[in-house]
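Note that subunit A is present in both complexes that follow, paired respectively with subunit B and with subunit C.
Up next is the complex of A and B:
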């Protein structure tokens, strides 16, 4: 039992009046101890909803209809009571978001916000907690921690705020850190700093990371394994090296072709035609069929999630023949 | 190969006053754009890159006089845009169009696509209403919108399609120069590629000159002929795209390029991680604006501001490392 998080058959529906629309459809993933796992997908792929479901932070209009999320082999997060969940959040699992300004409370100085986490989970003296906070701020590369503790969020730059968020997230040494687009709002030079810092810290703290991003470059920099999501489904799951050297799903290879043809000005950019279907445009069968260059009649029914090689699975009919032969 | 210069920006400055207190007295200035100069050649794409707050968007807006510059000149086909009266400037504005990042806020939600596209034609009195409708259909087709779609409202479209509408709206008046301010930054990768291809096609077809403002270095490499790198309101380096990406001179450009995440796990890049943040533009450092973060800083950079000059043919840089006469003084 060495997986820290196990998601099985998770489905999430959007409830709109009397109608419901599936927004996350039957996804499975397993994150091992100290692993850096990435979920990559475009807007509307359901990647952020998956991360919010783990923390049980879904809005009221979104309901988990099926599946389980098990932390550390013992806590079933979807069935936990609110009170129990509050002990898990921040302590066992913590999360950093894209926009640190909205995640930090503008009315309180940094010190108050970091100590709040500690006060909630531990019974240390105020002095002990302050020392821990200063220590943590030093670890995230803040040079004058005593002064920063007195500052309000608006007095800090975007990169500094994200450092503070990371300090708050890691101060209880969580088993899992969920990072939802942590560097999307930051400039490239600051992004490089923050990714470097996250890599360093998770080594020190033995924390697993679930990285949610739209940027394949961030996946390359940070992760060992990756799941590609498209329109609410995981379409491919494998190691980062395999995904890039041997992408299986037509969506993944299209995505890779379009980012890798960037910069070569002699050719026109490869682009995937069409747009991502919205949850309200439900179609039977493969969600990518309308944009897929390899579409076949069989794509009208939903493709199975197939193991196509060592540690490499994809949800595509192209590989079904081999699957049938193997079975 | 001598190309026609369409746009020439000379020593452009845009300072914003900081007003404080009840009396709104000016207590300081943010030097958003501080003395930058560049040229844009006919039918090329010139890109301005830099991190947030470096003044690249302000530069774009100032060229079109959406902001009145504090100082400097902007020559369009040899005539200074800043000499025009407001009224005369409107006529020139037809040649100079702008496309913004967020197609959600730059299109009026109460107008249909057709109304949105007709408006600029009628404003500039380019055609009668009847002819204008024909123009709308023609341009809609060019940007990939169908005839049925033009009677819909912007909210019925996805982000990529909305950006197509913005492009059609800019191009319907047959401009010569288009300023694209982060035009593809809000779009997903697969849609971004579609829009970039469209922009490149349209540039060829309509013989357009682009000023492309972006923070995305991969996209910039793809679309540009020449690139200018800005930092804290100043131009640090300009060069042809390939030269800049393969042989960047300025330490800032070098670290900026090394920070782009690679899209290939088999290539491990050596990254230069910069210390610290971009300084506050209301209180810029003395000397070279980059000296606080520069890995190659020496004493002179702290006091003396480097001059932006041509260090190699067609390759301009503002850095003391390339002051030839001072080379002997360096450690």
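Up next is the complex of A and C:
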């Protein structure tokens, strides 16, 4: 067992009164030690919910109905008691959020917030903890850590706060770091710095990353493996290189075509027609069918998840023949 | 804290309110020494006399000095105000935190009870509670405290629900902080602003309710001096001895006015929308 995180058949339902709507449907993925794994998809594809489910931070109206999430081959996170779960959070798995502006408590100085993580998981002396915090802030590229420790969040810029968040997330050397759109709220130059920093540090700390993003550029820069999510399902799963050179699912090709590039100035930017169906609109069959250029009669029934090549799977009827031959 | 006083110093209305409250508090604290006579001493040869150099605010139907009674009444009013708001605020904070943080069934139960309490007019509810417990100083404070609990519960609950959705609370949970610590260290400090404003406004309400209860004969019992009680006693003589009712009424109006001015300016200062960072 060398996978840090193993998600099997995970389904999440939205409970609205007596009705339930599936929002995440039958997801499988496995993240290996020191691997950087990306989940990419549009807004509402269920990628953030998947990350929250790992931490067991789902809102009350969302329920995990099926499946398992196993950490490090031994801890089953979906069935864990709250007390044990608290030991895992921050220590084995930690998380970076999208909005560095609001992710720090406005009433406490930075020092207090970093030490809170340490105090919770270790029993060091205050001096030791403070030294660790200073050390960590230096590692995330903050030049005057002693002074920054005394500052309040509103005195720092967005990039600085995200660095502090990264310091807090990595200070316990977690096995897995979940980054939910960590750079979306930052401007492009800072974005590149933060991604580099995450790359470097996770290398040092032997931490795996689960990167949740809508930005294919971030995936290329950061990840080794990637899953494409659409309307609560994984539609394609492979290595980053294969995804870009040989996208299999029509949705993936659509996504790749909608990325801006410097070359073709004459053409207007491609966008996939239609929108993601909401959980309440979903029908049986392939969820992308209504927007798909290759739609066929068979798409009325749910496509199987097929292995279409070495280390490359997709959920589409286009490849069904090969799938049958392989079987 | 420093920032708070700097902002207050720019708000003239707020300073007026603050100065007034300061004055009332000083009078309340040192009332036995400030009052020219004992509030219970009867000058039998000076019954119902108008304001004079000997009795600045005149005397009442027993020949007691009205000024001294008002000064001693300040102490009672402030005591009732502070303690009853203290009771109401701490119960409201407790219920509001539980209700807002855990939501679900607990929330429904607590909030329905509060709705029932809310459905009664303040004075009627206070009267009912005093009628059950019996009229006395401490029962008056308990009754007013219960009357003020629902307002605090609602204020706190609403603030908790909005703070709870903030990302820094989610990230505290993600770090592994326990619910108790999250409530104590992250939620409570972040809801203090609306809570403090509510306290300053409730203080004036509590003083007014105490005056009303005493006026109705169910609050502070005579011969102890209280503003509401003085109004009640002088009701029958107000046509030919207006000073017996005028000065206690002025004391009530002045105190309430100062608390309201201060409360309003406090709300403006603590409002995050008005804050420049």
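Please note the rule applied: the second predicted complex is superposed on the first by the 322 of 327 C-alpha atoms of A that agree within 3 Å, B and C clash if a C-alpha of one lies under 4 Å from a C-alpha of the other, contacts with A are read in each partner's own complex, and residues count from 1 in each chain.
Just so we're on the same page, a contact is a pair of C-beta atoms (placed from the backbone, for glycine too) under 8 Å apart; a residue touches a chain by one contact, two chains touch by 3 or more.
These numbers come from a predicted model, not from an experiment.
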Greater subunit A contact set [subunit C / subunit B]: B
Partner chain(s) touched by A:254 [first = subunit B, second = subunit C, both, neither]: first
Which of subunit B and subunit C A:244 touches, first, second, both or neither: first
Touched partner set for A:196, first subunit B, second subunit C, both or neither: first
Touched partner set for A:116, first subunit B, second subunit C, both or neither: second
Partner chain(s) touched by A:2 [first = subunit B, second = subunit C, both, neither]: neither
Partner chain(s) touched by A:275 [first = subunit B, second = subunit C, both, neither]: first
Common interface residues of subunit A - those touching subunit B in one complex and subunit C in the other: none
Residue numbers on subunit A that touch subunit C, as the complex places them: 55, 57, 60, 86-91, 94-95, 97-99, 102-107, 116-117, 120-121, 154, 165, 168
Residues on subunit A engaged by subunit B in the complex (per definition of touch): 42-43, 157-160, 187-193, 195-196, 214-218, 220-221, 240-241, 244-245, 254-256, 258-265, 268-273, 275-276
Contact footprint of subunit A on subunit C as seen in their complex: 103-104, 166-168, 170-178, 186, 189-190, 277
Complex contact set, residues of subunit B against subunit A: 51-52, 158, 160-161, 188-194, 196-197, 200, 215, 217-219, 221-223, 241, 245, 255-256, 258-266, 271, 273-274, 277-278
